[in-house]
Amino acid sequence: MVQLRLFARFREELGVDSEQLESDDLRCVEDLLSRLRQRGGAWSRLLAEDQRIMMAVNQEMANPQTPLQAGDEIALFPPVTGG
Amino acid sequence: MYTIRVDSEPFDPNHEVDLLRGEDPAIGAVVSFIGLMRDLNEGDRVDNMFLEHYPGMTENALEQIVKLAFERWQLQGCRVVHRVGELKPTDPIVLVAVASAHRKEAFQACEFIIDYLKTQAPFWKKEATENGERWVDARDSDDEAIRQWSQAGSDH
Amino acid sequence: MYTIRVDSEPFDPNHEVDLLRGEDPAIGAVVSFIGLMRDLNEGDRVDNMFLEHYPGMTENALEQIVKLAFERWQLQGCRVVHRVGELKPTDPIVLVAVASAHRKEAFQACEFIIDYLKTQAPFWKKEATENGERWVDARDSDDEAIRQWSQAGSDH
Amino acid sequence: MVQLRLFARFREELGVDSEQLESDDLRCVEDLLSRLRQRGGAWSRLLAEDQRIMMAVNQEMANPQTPLQAGDEIALFPPVTGG
């Protein structure tokens, strides 16, 4: 299992704050993104390839090639706007 | 050497600068940046703002940025405070204050930290405007600001 | 729009920043530089310092520098205060605080003003060290800082 | 007549704060510098051609070619060290 967390506009539009997902076939963040896009609707729209998506694995900035393993916390969020 | 704080209450930038200066007689230069909430953005009046963040990752991200600055410049101290939660216009959003023996280091490190914070620290602003609520969009100019630091070496 | 002061008494940089911020909700960024007296210079302990200036010309020179900054960047306010007379270690020597809608303008204008002040405003420091009194020498690095502003345009 | 003012190290080493000078043969600041150097001693040493000297005419930064006229206030001083 891995934990998925969503923030800001992603959290609001997908209506999900966090969820637990099976991780058997997830080698990297891109595998997770592909699986989520297959849900269709807002998932495929917000996570489309041409969208700007930021991601973190275990609270460190990551990219689609970042490897995953069981127990990881993966966060997806739009570009940050603090400061 | 440095202090990082995420604060859900209003904070006083002056107090932070005083703590940074302390009474250390080796400090010759203090440069500080205060980001303040404006009442106008993209042409709309903004009544208040909510700042969401990613607890845990936020502090890690800020610490990594500050450590990079300490590796790159000779600094005597640094304080970063970022507000989260409900804000109203004129509230301080962020303070970055840097102390050094000489001014050039302090200017560069301060601008570096706020430039990186803007694109690398997990904060998101949602504005309540006269036309409803909206998430603030990231700016391309902030991405450009970061690129300058990686191209230009420490003399940017 | 701007305030310039030469002060023979100790001043409070925080108070100046507060006056600059006022309650103007259009200000998004305040960058300030505080120059502080150090207790060590060129390897010698410094017990106190006397800052001489050229009354009349000093104020004119500072005003010209600040006006150049207002021509070059979009600014909402600026305060420059420079101490003269007897100073002791940790005393603020100078404050340059600049307010703008966005941070890049505020950073550039603040650094521009202190860089020009360092080479164009008629102040002279005399230190009382453990080895006697001495006039502080001008630094070549300050002349270089000025040249960068004339070569590089407003994006330096 | 013009008024000469000296500051900082120049004032101390020359022992002069200000003085009034005949201006009939002074077309520019360089003419004044030449005349002062002819006094010899600390004057010729401090104002030698290879020294870094800053100058102002009527409280504006000037250079050796800046023209002079009667009533001007001319200041000579070492490089500034404020801030």
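Letters A, B, C and D mark the chains as written, and numbering starts fresh at 1 in each.
Keep in mind that, in the parts below, contacts are C-beta pairs under 8 Å (C-beta built on N, C-alpha and C of every residue); 3 or more make two chains touch, one makes a residue touch a chain.
In this text, all values refer to a predicted model and were calculated from it rather than measured experimentally.
Graph distance from subunit A to subunit D, where chains that touch are one step apart, equals 3. Common neighbours of subunit C and subunit D under the contact rule above are absent. One finds 48 Å separating the Cα centroids of subunit B and subunit D.
Annotation: 22 Å between the Cα-based centres of subunit B and subunit C.
Subunit B has its Cα centroid 26 Å from the Cα centroid of subunit A.
Annotation for subunit C: residues touching 2 or more other chains are 35, 114. Subunit C makes touch with subunit B in their complex at residues 13-14, 17-18, 21, 23-40, 89-90, 101, 103-104, 106-107, 110-111, 114, 141, 145. Of all residues in subunit D, only 5, 7-9, 52, 54, 56, 59-61, 75, 77-83 touch subunit C in the complex they form.
Residues 35, 51-54, 56-57, 60-61, 82, 93-94, 114, 117-126, 135-138 of subunit B are the ones that touch subunit A when the two sit in their complex.
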